[in-house]
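Two complexes are shown next, each including chain A; its partner changes from chain B in the first to chain C in the second.
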Partner chain A sequence: MGFTIPGTFTFELWQARFSLLRGISATLLASGLTIVAATVMGVLLGTILAYGWWPLRLLARLYVDILRGIPVLVLILFTYYGLALFGINVPAFWAGVIALSAFATAHVAENLRGAVQSVPAGQMEAAKAIGLRFPQRLRYVVLPQAIRRMLPPWVNTGLEIVKGTTLLSVIGVVELLLSTQQIVARNYMIIDFYLVAGLLYLIINFSIAQLGAALERRFSYLRY
Partner chain B sequence: MAEQILLRAEGVRKSFGALEVLKGIDLEVRQGQVVSLIGASGSGKTTFLRCVNMLEEHDAGDILLDGEPIGYRMDGSRRRRLSEAKVSAQRARIGMVFQSFNLFPHLTAEENVMLGLTKVLGKSKAEAREIAGHWLGKVGLEARRGHYPYQLSGGQQQRVAIARAVAMDPRLLLFDEVTSALDPELVAEVLGVMKALAESGMTMLVVSHEMLFVRDVSHHVVFMDEGKVAQSGAPSEVFDRPDSERLQKFLGRFHGIFSGGG
Partner chain C sequence: MIDYHFDWTVITRNADKFVAALGLGLGLAVVSLAIGCVIGLAAAYARVSGNKWLSTPVWAYVEVIRCTPLLLLIFFVYFGLPEFGIYVLDKTQSFILTLSLYAGAYMSEVFRAGLASIPKQYVEAAKAIGLRPWQRQRWVVLPVMFRITLPSVGNNLISLFKDTSLAAAIAIPELTFTARQINANTFRVMEVWLAASGMYLATAYLMAMGLRLLERRYASIR
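Showing the complex of A and B:
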């Protein structure tokens, strides 16, 4: 094997193993944090979009429409450099996570609103008829059905988030793409290492898609 | 009649936009009685039923359950809407069965019946399971307690829905055209359950197009026409001595049934 011969792929890969691992962990951590934050905030915001008191609903609608309409890269640059102008210094990694989460929250919220509104009106009425209060109707009747419906777009959002973390390289977060670029700058093996990075992204996203498919099977009893 | 009045409606009005659907409904349901609402579609039967359970809010008039106004309280001469929690508490005393069953698809038959028992009445899971088993047995579905709605026929789903409503031990049960969405051969099993409930002394307000059933089970029949009560009385009065041309015409559509059934 070529582990000892500089210039061979295996040698360079072995040399780069720690850089790659650090890159992968940064990518996974940023993606994971963003997915969790966007899911929690998106469900809240989506519930407001569907049922909120109208001024709240208007604000939520404004938020969703604005954030969906701005490129993520602009959001990331604004969070990092823009906030610094106002004296708010956020570390690059956290600036990236905040910007990505803010963006993905808008998507999850809009998906949840659609899912909630596609639950037949009779479900809410039946829940009212047995005397459940509004929060109970949401928790025990509407959301369990809505979440099944929003699983496919939610998985999609997850995949977009993982790919979106590459944009954090622009503000200097050494995630998988930037660490790959740094490795390539050392060994000039452009094709090999970008292929490695692409393969690693593929593995991460394939796993998320499989997880989504498993969840869908788990909820497959939900039929009408 | 000695039984006390359970539900009293006085001058109930309801409009959807410019369309006035209920034009002053007066009606009484006494404890243990079955009162049926009949009439052409669009006559306001279902809307009235939905007002009783506050799925619609009536614009004027009173609906009193055990003498207590439904959905609002009087503050001097002004009506004030009750809080969500109070409305929910009132609804818990009124059961409702729907045309489209509306079982919760993510819960088994047993869990459908248990949900209100545990979350609204605060019963323990064990107790709720026992009550659910009892009522699923009464509607002939104890063996299906672990089935999801999609695994049940329409008639079975509707019987689970009846069990879900009656398990809450309501003061009054509302039935909104509960056999209209069923295949003809499944109608009898649901009507059988309703008849048994009526005979057990449950107070019921029923909207139905099953005239034989209405005639057989009701203590009182109310014919609604264009948002008003056009005639009401004992089944024999309404069916045998219709006093308006509209009612005669309406009943005429079911003529084949009566000449066959007697």
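Showing the complex of A and C:
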């Protein structure tokens, strides 16, 4: 095959294998960190949106509406250039993960609020009637049902996050897109390597979508 | 932050640039949505046509676009088309092409859901009064579908408007690119990014309010 002939696709792909692997691992790491952070913070914020004390709820609403109205790229650039002003000198990777998490948190929070409010009010009342305290009502009655309902939009948010990590390339994080651009700058095989990157993203996202569908099937035994 | 002194003159001095940039972003979003609606409508009809040779390629198109990052698509079209010997597009046109294809994939799903949600009786009634197939679509199915899908189309317009920020990556002077440039020239980090964020936010909010008015006007079936 063409492994030894410079200029052929297989040779260049073999040359670029470590760049691509580094890119994929950076993309996966950034996505994973963001998904975990956004899920934890989003569930907290979503609970506040649904049940919070009203000043707290107002603040949460303000946060969610503001973050959902600003493009992610602007958030990333703002965080990247802005954090330094606060004397926080973080690498571009972390600035990007923080910005993406802040953005995705708003989405997860809104999804959770919708899911929580779609649980019939009778569930909460029944839980009250059998004497559960508020955290118990949340923990054992409302959240298990709400989380099942927010699974599809949550998987969608996950896909958005993976696609959103490409924006980190703008502030110089060498994730899959930027490593592809570097490879292309080296060998000028534009079509081939963008197709490779596109295929890799497709594989990642398709797997997440399939995983989400499997989770949905797994948890869809309860119907109301 | 302790020693940061706000100097808003950097915004007022460049106000014309900011406004022009915002207008460009809006224009890109509206044009792409318009083309995307046409693509989406055609794709939606292909999906529901029941013809495997039509619906499978369209399904592949939708899934590929939805699973690929927009920035990658932008670079692929911008740098890749010349490789195929297509040199006629400048960067704005290539961006509009990308965003339209992107919007088309999302709109096709919206329209497909819209077409599926139209009661069968409507079409049967149209058949009963003697309308031809294309007349049934033109006078019965499409008007109802547009009312049903109006909220989703509006949401797509707002998210497309936010996606125009990615045009900064290929140096189209829209709001994000302009803000980045002024930021690099003046180092007024907070002012520049607060102004840009505020402009995006205000525009998105105004669009949402306008769309709500439009929905109240049209989206109810009387």
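Please note the rule applied: the second predicted complex is superposed on the first by the 223 of 224 C-alpha atoms of A that agree within 3 Å, B and C clash if a C-alpha of one lies under 4 Å from a C-alpha of the other, contacts with A are read in each partner's own complex, and residues count from 1 in each chain.
To be clear about the criterion, a contact is a pair of C-beta atoms (placed from the backbone, for glycine too) under 8 Å apart; a residue touches a chain by one contact, two chains touch by 3 or more.
Note that the coordinates shown come from a computational prediction; the quantities given were computed from them, not determined experimentally.
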First, second, both or neither for A:181, with chain B first and chain C second: second
First, second, both or neither for A:148, with chain B first and chain C second: first
Residues of chain A touched, compared between chain B and chain C (which is higher): C
Touching partner for A:7 - first (chain B), second (chain C), both, neither: neither
First (chain B), second (chain C), both or neither touched by A:125: first
First (chain B), second (chain C), both or neither touched by A:91: neither
Which of chain B and chain C A:202 touches, first, second, both or neither: second
Which of chain B and chain C A:136 touches, first, second, both or neither: first
Partner chain A, residues of chain B touching it in the complex: 53-55, 84-85, 88-89, 91-96, 98, 100, 102-106, 115-116, 119-120, 148, 150, 161, 164-165, 168
In the complex with chain C, residue positions of chain A that touch it: 66, 69-75, 77-78, 81-82, 84-87, 159, 162-167, 169-170, 177, 181, 184, 190-191, 194-195, 197-198, 201-202, 205-206, 209
Chain B-touching residues of chain A, taken from the complex the two chains share: 120, 122-123, 125-134, 136, 140-141, 144-145, 148, 219, 221-224
Residues on chain C engaged by chain A in the complex (per definition of touch): 1, 4, 63-64, 66-73, 75-76, 79-80, 83-84, 162-166, 168-169, 175-176, 179-180, 183, 189-190, 193, 196-197, 200-201, 204-205
